[in-house]
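By written order: A, B, C and D. Residues from 1 in each chain.
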Amino acid sequence: MQVLKLKRLAAVLAIGAGIATPSLAQSDVGTSPWGPDDELGRLNMMTSRSRQEIMSMASADKVYDLSVEYFVGMPSWQAAGDPHYQIWMTHTPHGTVIDDPMNVGDEMNAHVGYTGSAISMYTHSGTHIDAFNHFGLNGKIYNGFSADEYLGDRGWQKTGAETIPPIVARGVLIDVATAKGVPMLGDAYRVTRADIEMALRIQNTDIQEGDVVLIRTGRMQVYEDAGQYMANPPGLGLDAAKYLVEEAGAMILGADNLSFEAFPSESEDNYIPLHTYLLAQMGVPIMELVYLEDLAKDKVYEFAFVGGSLKLRGADASPMRPIAFPLKSGR
Amino acid sequence: MQVLKLKRLAAVLAIGAGIATPSLAQSDVGTSPWGPDDELGRLNMMTSRSRQEIMSMASADKVYDLSVEYFVGMPSWQAAGDPHYQIWMTHTPHGTVIDDPMNVGDEMNAHVGYTGSAISMYTHSGTHIDAFNHFGLNGKIYNGFSADEYLGDRGWQKTGAETIPPIVARGVLIDVATAKGVPMLGDAYRVTRADIEMALRIQNTDIQEGDVVLIRTGRMQVYEDAGQYMANPPGLGLDAAKYLVEEAGAMILGADNLSFEAFPSESEDNYIPLHTYLLAQMGVPIMELVYLEDLAKDKVYEFAFVGGSLKLRGADASPMRPIAFPLKSGR
Amino acid sequence: MQVLKLKRLAAVLAIGAGIATPSLAQSDVGTSPWGPDDELGRLNMMTSRSRQEIMSMASADKVYDLSVEYFVGMPSWQAAGDPHYQIWMTHTPHGTVIDDPMNVGDEMNAHVGYTGSAISMYTHSGTHIDAFNHFGLNGKIYNGFSADEYLGDRGWQKTGAETIPPIVARGVLIDVATAKGVPMLGDAYRVTRADIEMALRIQNTDIQEGDVVLIRTGRMQVYEDAGQYMANPPGLGLDAAKYLVEEAGAMILGADNLSFEAFPSESEDNYIPLHTYLLAQMGVPIMELVYLEDLAKDKVYEFAFVGGSLKLRGADASPMRPIAFPLKSGR
Amino acid sequence: MQVLKLKRLAAVLAIGAGIATPSLAQSDVGTSPWGPDDELGRLNMMTSRSRQEIMSMASADKVYDLSVEYFVGMPSWQAAGDPHYQIWMTHTPHGTVIDDPMNVGDEMNAHVGYTGSAISMYTHSGTHIDAFNHFGLNGKIYNGFSADEYLGDRGWQKTGAETIPPIVARGVLIDVATAKGVPMLGDAYRVTRADIEMALRIQNTDIQEGDVVLIRTGRMQVYEDAGQYMANPPGLGLDAAKYLVEEAGAMILGADNLSFEAFPSESEDNYIPLHTYLLAQMGVPIMELVYLEDLAKDKVYEFAFVGGSLKLRGADASPMRPIAFPLKSGR
């Protein structure tokens, strides 16, 4: 295991060496250390061994559901005019008696009660993961793929959501709200590196390379009240993100809020700097609207994270319903 | 474990006693043995112990992805006028320069390349699980909830997809196509109990109570050709389903085809008898469009099935991307 | 013409006798004086002669456009969770080069630049007309058609928008805002019968049987600012509506605001009394979001109203882009 | 009137001189004779005088409805994956009792029966008019506007459907099917210039500058059977279109079929040459799916065409429900 860790660390350092400082200086997208065709970025850190390591420690005694519900009126990103979540009935037991869409007759429709429904949504609705193509820099996305060459009318031919593999990895909860002694971080509060370090210390949690790191702001407590949930959410700061990625080696970052980062931006020349840093420069997927309340209540800070996002070809994000298995007691 | 098995068997027999024959005779919905408020049906068979049992045998060495991709033109249930899957761009790097939806100015939009997309679909699109309310009988759904009392314009207030828990269970693949020596079952072929028994014998696989049982017809091989995939799919027969549920104790049934069962119906007074039998009478969820090709190729007939469907409040089905962990070798 | 007027008046009185007072007392839907199968209500007042009468006086010198634009972010009825207007590109010149959806090759796609788009909307979006089935009373709609018998999953089989004929009728603008000496009526202001009578007197306009009567609140001036347009719109009061319908003989009522009437309701036992009075009891269609600014500026109070709403089968409303021809000068 | 005609003819010749032959040779978009900012093309031919001329001859005795109905399963352009027409209920009298979306309580919802619905469609669905931006050449649309500069994620900032004025013009029906002695032109039949000239001769109809010219193939008779309607429709040929536009001076061309032109293309280097010729080179809007059956039955070959398409900002087409007033008898 020591060997593995060193090997992984080397990979992470390679990532750092290859991308971080110079790229940021140039405000340009990152080049994948996994080669010019790579579309997975840090998801490459997930290996047979890394999966086995965490799953061997996991207990299926309890399963934590990390996903929120979808419903008409739910919070979603609406500031740029994207469609709100909708669900509607395409068939109901009574309606089919009236319409008979299957040509089976009234009696049959009254006997066999058919219910069908359809949905529409912005792909970033509910608990979801962002694909790298969600934010790029200067006409390109992570690893240099250009919109000119790869963006069609049905999405990107590179790094689309269908390329995101099922995630099986060590998960870590950082309960910043609790560490700071508040039920919920304040409006637009920006979580600092010091906050992260303090929370980890209080929790006695370490971060390992390849982790899915989930930040709890506490905002999820007002999820059912869309207006309150969406207004000025707290979020992660850039120095905290850099620490988690470049020093701690996180594979995925996520949080329980709408936008992951806080607004307005802390950078003058970039209105959404954490998204471009993580997605476009570092190859780190972002998860948003992750439900962390049960984990926090039970103080489950370390767990096996298992989840698969819908394989939406070409999409820049995808809904997902991940679960957490706590680790076996006695560890 | 013997004790557990007996206890489970008793539960299954209770289910049978409580529901099967009399209900069917009356062509009426089933009553849950888990009480009048129950919305989970056989999903109640999933317990802390059942999860631990299968997960303790699972290996994370390899992960099988059981989900298909979503794309414009993909196969879906279209016979009753339901919407085809759509994805569209709501933001593109170039489009935001023209539209400036965030009011950040041309230069900023040219620098920060924003891609967003939205989707719409029938909830039964792609790999998905049917909720009990998808099909009922005589105005009611499983466990007696009536449309009059519980069906609103945004779905059912009972057994909606949000009530489906994350599934962690033993999974079994029954590769009927291979057992019958064909790459793909013929058009509208109806899998019999004898087919199932033969396949299990050939595979040397047993079914245990609480299993997720997945039937392979081979139809998935033509998934990318929607017309071919959708036309007259083979499916399970009613006697086979009854065997799997009432004798073998399956918790969930699924298949790699569009409609699970074959058409036209084998019952004169019911155009979709397997759906009503499983969903409305037995409380057994159905999975459709499950990708089984890799499992079949590797002859992985027994595995840990892990997956969570999107929590679409009130919905009669929900997309999901389940995974399979093979069992540890040496078992 | 005197004969015609008397005949029409008799019809109107018949309508009144048949419906108004008793029905209202019973809070029940109205019965059409045009027979038990009638789905047109007062639209029956439009005849060959009535059309000829107004068109013979109309001048095509100028055409007034009475419709608003549809755009992402436009005002719409959102209080009950209905979908906001969306438009998206399904094909773009560049995107087709990437996707090649027609299988014609890169060169062809670069040469022939294909643009396609799709829309989705609540049917009451933009300038539109309400069908009678939009609001009913006690399980029925105008003329006694019941939801139980006629409402399917794709709309009503009675009085759907496809039954609304092209409208060619005398139109009257009642500029209440100007008559009251304000640019725009105040928030939630309820227009009274006295306001109507005063405005007609100031304008020197009469109302004739069969007219399309359009009320100007002035709210349209802030249409591009959705928040301002939607918040607490002024609207017509019930006594004013009754005057226009039962005494003046209007065929259609309309206004330049979002909801036609003002909220909260002036009736304790009905949250939307003008809609039920007009649509369900009197058979008078309602038009909303009518653009009246140009007519008002030019003081065109009398005109030929010509417009056809989209024939959306089963729908409870339909978008429309009506026009007004002013009357020949010298009249 | 003679003067007017000559003046118009000069304009038409100017159009021809400015655009037709040279542009086609270069396979490039046309330049508007109405100036570099022009977005209306031949719609500029519609003037106060042209409207008055035709409306003064029109009779409102009868109104012809030129629009088809919208319904689930209706024909539409589906070959490139565009969304089929959908309508769904957002509110029903019974559903609101269950959901209470307005928070008014059960009793109120049972008393006031609320029906709402929503639609989605490709903008080219049903009777509609194509905007110039629907098809361009070499990166530009009519009058040289480029996609690079003017195409955003919500459509074109030039020649969007909102720029199309209400159409009031002389309309001409050319009943090619009847002229050729068939109820319906054959599959993929391409109407020639000779067909047009023969039909006009038989009908004794002339075309005048500024006309809306509508071609009847007879295909509309099978509109309710989407499969039959959509398969290999007959359409106009390029020489016929050139005759109508460059010699006869038509302002708008339309037809009763799905695609206006016939496929496969008669041009090797352009898969849709009539669309690019009319929209991108000549500035002539195209109307499709126009309902001409009643006009044909009554042999109304000349009429006043009045209609307004929905003002969908940025769209490349827009639904419309035009009407035709026959001309006064004795003409």
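Here is the rule we use: a contact is a pair of C-beta atoms (placed from the backbone, for glycine too) under 8 Å apart; a residue touches a chain by one contact, two chains touch by 3 or more.
Since we're looking at a predicted model, the values are computed, not measured.
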If a chain touches subunit C and subunit D alike, it appears here: A, B
Recurring contact interface, reference B-C, options C-D, A-D or A-B [over half identical by residue number]: A-D
Comparison of B-D and A-D (more C-beta pairs in contact): B-D
Length of the line joining the C-alpha centres of subunit A and subunit B, rounded to whole Å: 25
Gap in Å, rounded to a whole number, between the CA centres of subunit D and subunit B: 46
Subunit A-subunit D separation of Cα centroids, rounded to whole Å: 46
Subunit B: positions in contact with at least two other chains: 72, 81, 83, 86, 88-92, 94, 101, 118, 120, 151, 153-154
Subunit A contact footprint on subunit B (complex, rising order): 27, 48, 51-52, 54-56, 58-63, 65, 67-72, 79-83, 87-94, 101-102, 104, 108, 110-124, 126, 133-141, 147, 151, 153-156, 162, 165-166, 168, 269-272, 276, 280, 306-317, 319-323, 325
In the complex with subunit C, residue positions of subunit B that touch it: 81, 86, 88-90, 94, 118, 154
Residue ranges of subunit C touching subunit A (in the complex, touch as defined): 72-73, 81, 83-84, 86, 89-92, 94-96, 98-99, 101, 120, 148-154, 157
